[in-house]
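Next up, some structures in structure tokens.
What follows is chain A paired twice: with chain B in the first complex and chain C in the second.
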Partner chain A sequence: MKKILVTLALAVLGLASAQTVVKLQGFGGNDTAIMSSLVREIVNPALEKEGIRAEYQGIEGDYRAALLNALSAGTAADLFYVDIFWSEPLFASGRVEPLNKYFTPQELAVFNRNLLNAFTLRGNVYGLPKDFNTLAVQFNKDLFDEAKVPYPNQTDTWDTFKDKLKRVQAAIKDVAGLCVVADHARFGAFAHATGWRPFNAQGRTVLDANFRRAFEWYTSLVKDGAGKYAQDLGEGWTGGCFGAEKAAVAIEGAWIGGFLRDKAPNMRYGTTLIPLDPVTKQRGNFIFTVSWSMNAASRNKEAAAKVLRALTSPEAQNWILSRGLALPSRSALANSPIFQRPGKENELNRVVFQGSTSVGGAVLPFKFGALDGGNWMRPINEALQAVITGKKTVDQAIADAQAELNRIVR
Partner chain B sequence: MLRSQRIEALYALLFLAPFLIHLGIFFVFAFVRTVGFSFTDATLIGQSSRFVGFANFVELFREPRFLAALTHSISFMLVVTTLQTFLALALAAVLNQRLRGITFFRTVYYIPSVLSSAAVTVIAIWFFQKTGFLNTFIGYIGSLSPVLLTFGVLFVLAQAVQVGLERWRGLPVPWLDPALATISLVVALALTWGLVGLGVVRPLEARPPEFTWLTNPDRFLGVPIPLWSIVILNTFTTIPTLMLIFLAGLQDIPKSLYEAASIDGATPLQQFFSVTVPMLRPVTFLVITLSLIGTLQMFDQVALMGDAAPLDSIIVLAYYVYNNVFSGEGKVGLASAAALILAGLTFAIVLLQRALGISEKAH
Partner chain C sequence: MATQAVRPMRKPDERHLARQRWARAGWVYGTMLALAVFFIGPFYVAFLGSLKDNPLEWPFRYSFPQTQPKNWAAAWRLGQLGAGNPWTGGFAPGAEVPFQISYFVEEGQEPEPPTVTVPTRRAGAGLGAIFDEVQAAPYAQVSEVQEVSRRPAVVGGQPGQIVTYAFTIRYPRGDATASLPTVPRLPLDIEAPRGQRYYAATLDPNRLERRGRVASWDSITPGFFGYVFRNYVRVFNEARDPNTGASFFLRWTANSFFVSLAVVLTTLLFASLGGYALARMYLPGKNYLFAFIVFTMTVPGQATFISNYLVLRDLGLLGSLWGMIVWSAVGAGAVFIMKQFFESIPREIEEAALIDGATPVTTFFRIILPMATPALGALTILTFQGMWNEFFKAAVVLSGQQASYTLPLGLSFFRSAYGVAGDWGLMLASAFLSMIPIIILFVVFQRYFVEGVSTSALKG
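Moving on to the complex of A and B:
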């Protein structure tokens, strides 16, 4: 009798757990709506037969703090976003499952090589790139027309670009050329163009003559009347000024498309590549990307791997791309006809995608070795701010930043 | 023990249980864990940790950012406690008057305390911006300076003429006689309005100062300018609560003391310093203690300022602890050591103020 009861109980439990739930965690805001639809329309139908169901949970506020907390408390989801910016310390900690076991080299090879490398540590792949972004120059066509200045284009060097900005700022009252931000996430693209790299062969950060050249040009934008300091205009990013028509150009990625759709739906804007360094005739850029990574403490690793495959499948990436939400991480989609469609947002996506290819010049992932990106960037950001606001000379600011970086990069 | 006594003790424990459980989990447990962590090299994402003895404490005192946070916390505590105690007392004394509609003013002055700290900080970021309200307002006042100056001079002239006339008639009017001042005010206003209308006096062009509050690494009295912005903000939001405590204290002072004082010929100012201040001592002790603890543990306003100001110019101990846990690999060990130092400092300062500062007893 007892045996029958136990068997019955097990059977009931078995039925109840026939559906394996794989929990996903990522950014809140827009991502919650997008990922929930993707999971509902693409991922879950594909996995229904196998009895797997995915659930997306967006985290509002400080995602990173929430994720680290959940990981250390053992309550993190089975799959979660990892931003490349702070990925390496997390991958090195052993809290993230290497994916080589679950995916064959052929399966991994379909992803953009640069992106996959960004999530590889000591030969192990710790995440599949979800999508990516680079920087591009967005310009307000009406403002340039009104100022009778030619639009920025991909043959512009720093000098011709700055000259155009100066002319727009001089011609139109209350409009800046560019909202200058004291942020390495923008300035760094120009520094890369000079041949400077965040870390030299010895793994140290040296703010050399090349860095200085980019630094001087970038900080001179405000002084020479080609831009205004974003915080003085009450904005935190170049896109904020651009959307409010306080600035004629912005330097942002494809994320500005969705923002402008809400903020300035009728704005006529164009997009072009970041200007060239006049000395090296090169451009520079960053790759911003987020991975899908697996929790090493997950109890449903096999099921999670299947969900991961569905999340990064060609169908899923096409679904995202066709809605203009993000750029696909699969190389094959680079030739998608969607990129060739007319319209300002398609142009934006196309140029941002090009930024990651050879046209983009010196493109580096937005991460800083084994260090936390925020800590590494802070001295440079504060140096930029000090010079832009006229508190320090270029020499002094760079010397102070170098001293601080010597302390951080050990 | 008698049976009834035992039952009584059981009931007492039962009623205390919710509080004890809460205290046990969120204070005793957390505190013991923090002490434990402070002697290890634990990180938020690391899998294991080692015992490192006092290494974390030694490292803290070698780190410039911790030392900056420590000095900021102490200067913030000194400045804000002084400012808000004096201002809250002054405000409470004013609002303790028996005037028509005083409840309206009491309500209005209490409002800053009701507002959420997050909302106030976000508004403050706009307020302190280079092209924000504060600088624009200063620029506006500056541009009106000729008009204001004309008004001031006319007022003084009108008052002087009137008082002179009255005194010449042999009436002993004081220089600031309210009735005459009202007439002077009206006369000065009308004359200024007329002069501006005729174009004799003209406001200057508004030129807001170029001063930056939040992104300025300069120091004033050894404290960075962005931290001064937080001092202003924090004083503004905490004065009302302290004012309320003072107000309650003021209402407890027997009226007979003031009556006796005025019979003895004490002026209102003498009454304030010889009756009000000594009688308020127990309340002042409470206010200062609350203020010391509150200012040492201030966190929200620094956290919400975020990137609006350079971190090293606004960091305080409480934020240092948070920042170490939630950036980089999450140095839980180091942050725990810093948290213990903050706790020890708070404890020491409160004991010190109890021993040397204002005592609990009224004289």
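Moving on to the complex of A and C:
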């Protein structure tokens, strides 16, 4: 009897030590499909020898709420996504493990500097960038040809860009130049180009003369016949208008590629960088990114670090890039031959990738300090909407937004 | 004079009464019709939307390619020609698919034949994006495009001519040793020179692109279902588990049935036993117990779900369908309904059984329970419907385990996988499919449903 018990105990121990399961948590939907395949084809084969197995779990619905709940209940996975938009309050909470212990500075240096900085708080790296996106200008070649207007290109300034849009909109009935959205996630890229920053040295948000210049230009697009308000065209984003050929250009990231593949597979479109501010001769942009971060309460931190290494390995990022699913966060992959292939989607990916480099100009992560991003952006979005729809003057709208921001940013 | 003055008084009175009768009937029927339109209308519009290539199109059209019998017949025939499968189509070795397309060419312009290509199509978003679909492009051979006819016509007030072109797409068998795959679909793009307007084709295209220059088909050998119910077919074909390749939707349907039926069984068992004990058995403090049960009905599920979640976590039931079953096994409301029902059964019946020597268990199972069919039927339908539509508990217990999702959670999965890309057709289709079992249940059990609600005394 004793013998059997000992054998049993050993067998259980053996089973337990044979395989360490590292749980991963992230967005549901498409991400589940992509990450499960990545884990199956790249990550698990690489870690099989070490007895580590990763399992991905996608969360439907409100990911942020689900993650915070899981962290409080102690059921969060060992590694999870953190969206840059709400990363800082979470990193500051102490529930995320700093990664400096597990990765050497050399290992961290291979990642795009801008991206890594976005996940660094008080000198600690709290996440490795999974992938990223920036904004770029997509243009419909047919519409520009039909209007006999040259395509937008990377030497365009706001003025020449607006002029081209005006000419397309004037030449073709039913087509807008750009469908303009009242959203800081698009407008902000232009504001950054002027030298304006969301927070000044004192940590306040000041809507200064630079901001005003970008604001005036952006809201004048509709008034001056270079664009139409997206809601007036029955769309919620610039890509929706673009896919339906209601607008000649869109300002979106690489995510528009998959959308267009379904919605308008034959569209002849090109991609170029965001136009330059005519005064500063600079461009601006946002970086949208998600990190892989480690649970501070994880029981398998060493194993999780190994899985993290495999998830962000060159092989894994190449696998994702070659399927056109996302852009790699490793700087070395900028020279990947995949970017140099011909084709509209490769051009899109290439230009969006360039947006994060020095060509991209003033590139800021899509986060707003320790504040809730949605809350911070609201006054600016409302100001944009009020001016575009003619409800307020620029002066009035900026003054109101400033008053509101003074209340929010303390 | 006086009689003359009285008579006209009577006549309008009768007419007034008749008018009032008609008005009353008009109001009743009008209200019923309005209610019917109010409730059925959205379903009808959503159903039409689920058939469309672009469910979000505005203005909304009630007549579109998928509703036209001409296309039904064409889709059936082309599916037959493509793979010998008139229902879901395909493109098999040996297939020979003739196709025609007509353009309107304005007067003074010389018609030019269009360019025909079989493109490589990969899904851009949703689950389809991660599967490598077998493409028709490497196997399809397009014959030369030939002009078939020209006839003068006036389209939109402009004089000109309608020119028809024909071509054939073949799938050569090659030599006998090569094993060639049957391709699920045969996409097609036909690009016309600028100025030629698409007029008609053997099968109406799924979309016109590039300002009408390119007519584009997802498949020209779709079969009847593949064309008319394309989004419904996609629900089954496209949404598959990336690890096993099994259809998610079938799995979710099975899961929903399993959970709903299991909970119906546990509810019927526990609620009838509990209800009977509270109604008839001698139990000290029974009324307090009953008051407590009724009190628990007033506590919202959201208030207790965290503790339930933690209990399920410690039991290791998170992510498993059993977790949902344990959580929903019986509700206070069900016990309440059964208790009220049992109290309406005359005591004399049980006393008669007692005199005949029946034990309480025999009395319950052989006498009382068969009499409780209406209440049990009502409970069945309410519980089943409640579990079938249960989203909150499923979201809490099953989060992240796609293979063990129930249908409502699956629909939310579709929303995050397809809705973000504006692909609402598949979502509408899956929502309609998930409704079917509940509709069948209502049709079958509606007698019990009505009886259960209205019953207060014994029958027969």
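Operating definition for what follows: the second predicted complex is superposed on the first by the 399 of 410 C-alpha atoms of A that agree within 3 Å, B and C clash if a C-alpha of one lies under 4 Å from a C-alpha of the other, contacts with A are read in each partner's own complex, and residues count from 1 in each chain.
By definition in this document, a residue touches a chain if its C-beta (ideal position, glycine included) is under 8 Å from a C-beta of that chain, and two chains touch if they have at least 3 such contacts.
In this text the structure is predicted, and so the values were computed from the model without any measurement.
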{"item": "Joint occupancy of chain A by chain B and chain C, clash or fit", "value": "clash"}
{"item": "Which superposed partner A:Ala65 touches (first chain B, second chain C, both, neither)", "value": "first"}
{"item": "Contacts of A:Gly234 with chain B and chain C, given as first, second, both or neither", "value": "both"}
{"item": "Touching partner for A:Ala176 - first (chain B), second (chain C), both, neither", "value": "neither"}
{"item": "First, second, both or neither for A:Asn375, with chain B first and chain C second", "value": "first"}
{"item": "Partner chain in contact with A:Gly94 - chain B first, chain C second, else both or neither", "value": "first"}
{"item": "Partner chain in contact with A:Phe27 - chain B first, chain C second, else both or neither", "value": "second"}
{"item": "Touched partner set for A:Asp142, first chain B, second chain C, both or neither", "value": "second"}
{"item": "Contact breadth on chain A, by residue count: chain C or chain B", "value": "C"}
{"item": "Which of chain B and chain C A:Asp262 touches, first, second, both or neither", "value": "second"}
{"item": "Colliding region between chain B and chain C, picked from 40-48, 130-138 or 292-300 after the shared-chain fit", "value": "292-300"}
{"item": "Set intersection of chain A contacts, chain C complex versus chain B complex", "value": "234"}
{"item": "Complex interface listing, chain C residues touching chain A", "value": "58, 119, 121-127, 129-130, 189, 191, 207, 209-211, 213-214, 216, 242-243, 306, 309-310, 313, 318, 395, 399-402, 409, 412-413, 415-418, 420-423"}
{"item": "Complex contact set, residues of chain A against chain C", "value": "25, 27-30, 32-34, 36-37, 40, 57-61, 66, 73, 75, 142-143, 146, 234, 240, 243, 245, 257-268, 323, 325"}
{"item": "For the chain A and chain B complex, residues of the former touching the latter", "value": "62, 64-65, 68-69, 71-72, 89-90, 93-95, 229, 231-234, 236, 371-372, 374-375, 378, 382, 385-386, 389, 391-392"}
{"item": "Chain A contact footprint on chain B (complex, rising order)", "value": "43-47, 126, 129-132, 212, 214-218, 307-308, 310-312, 326-330"}
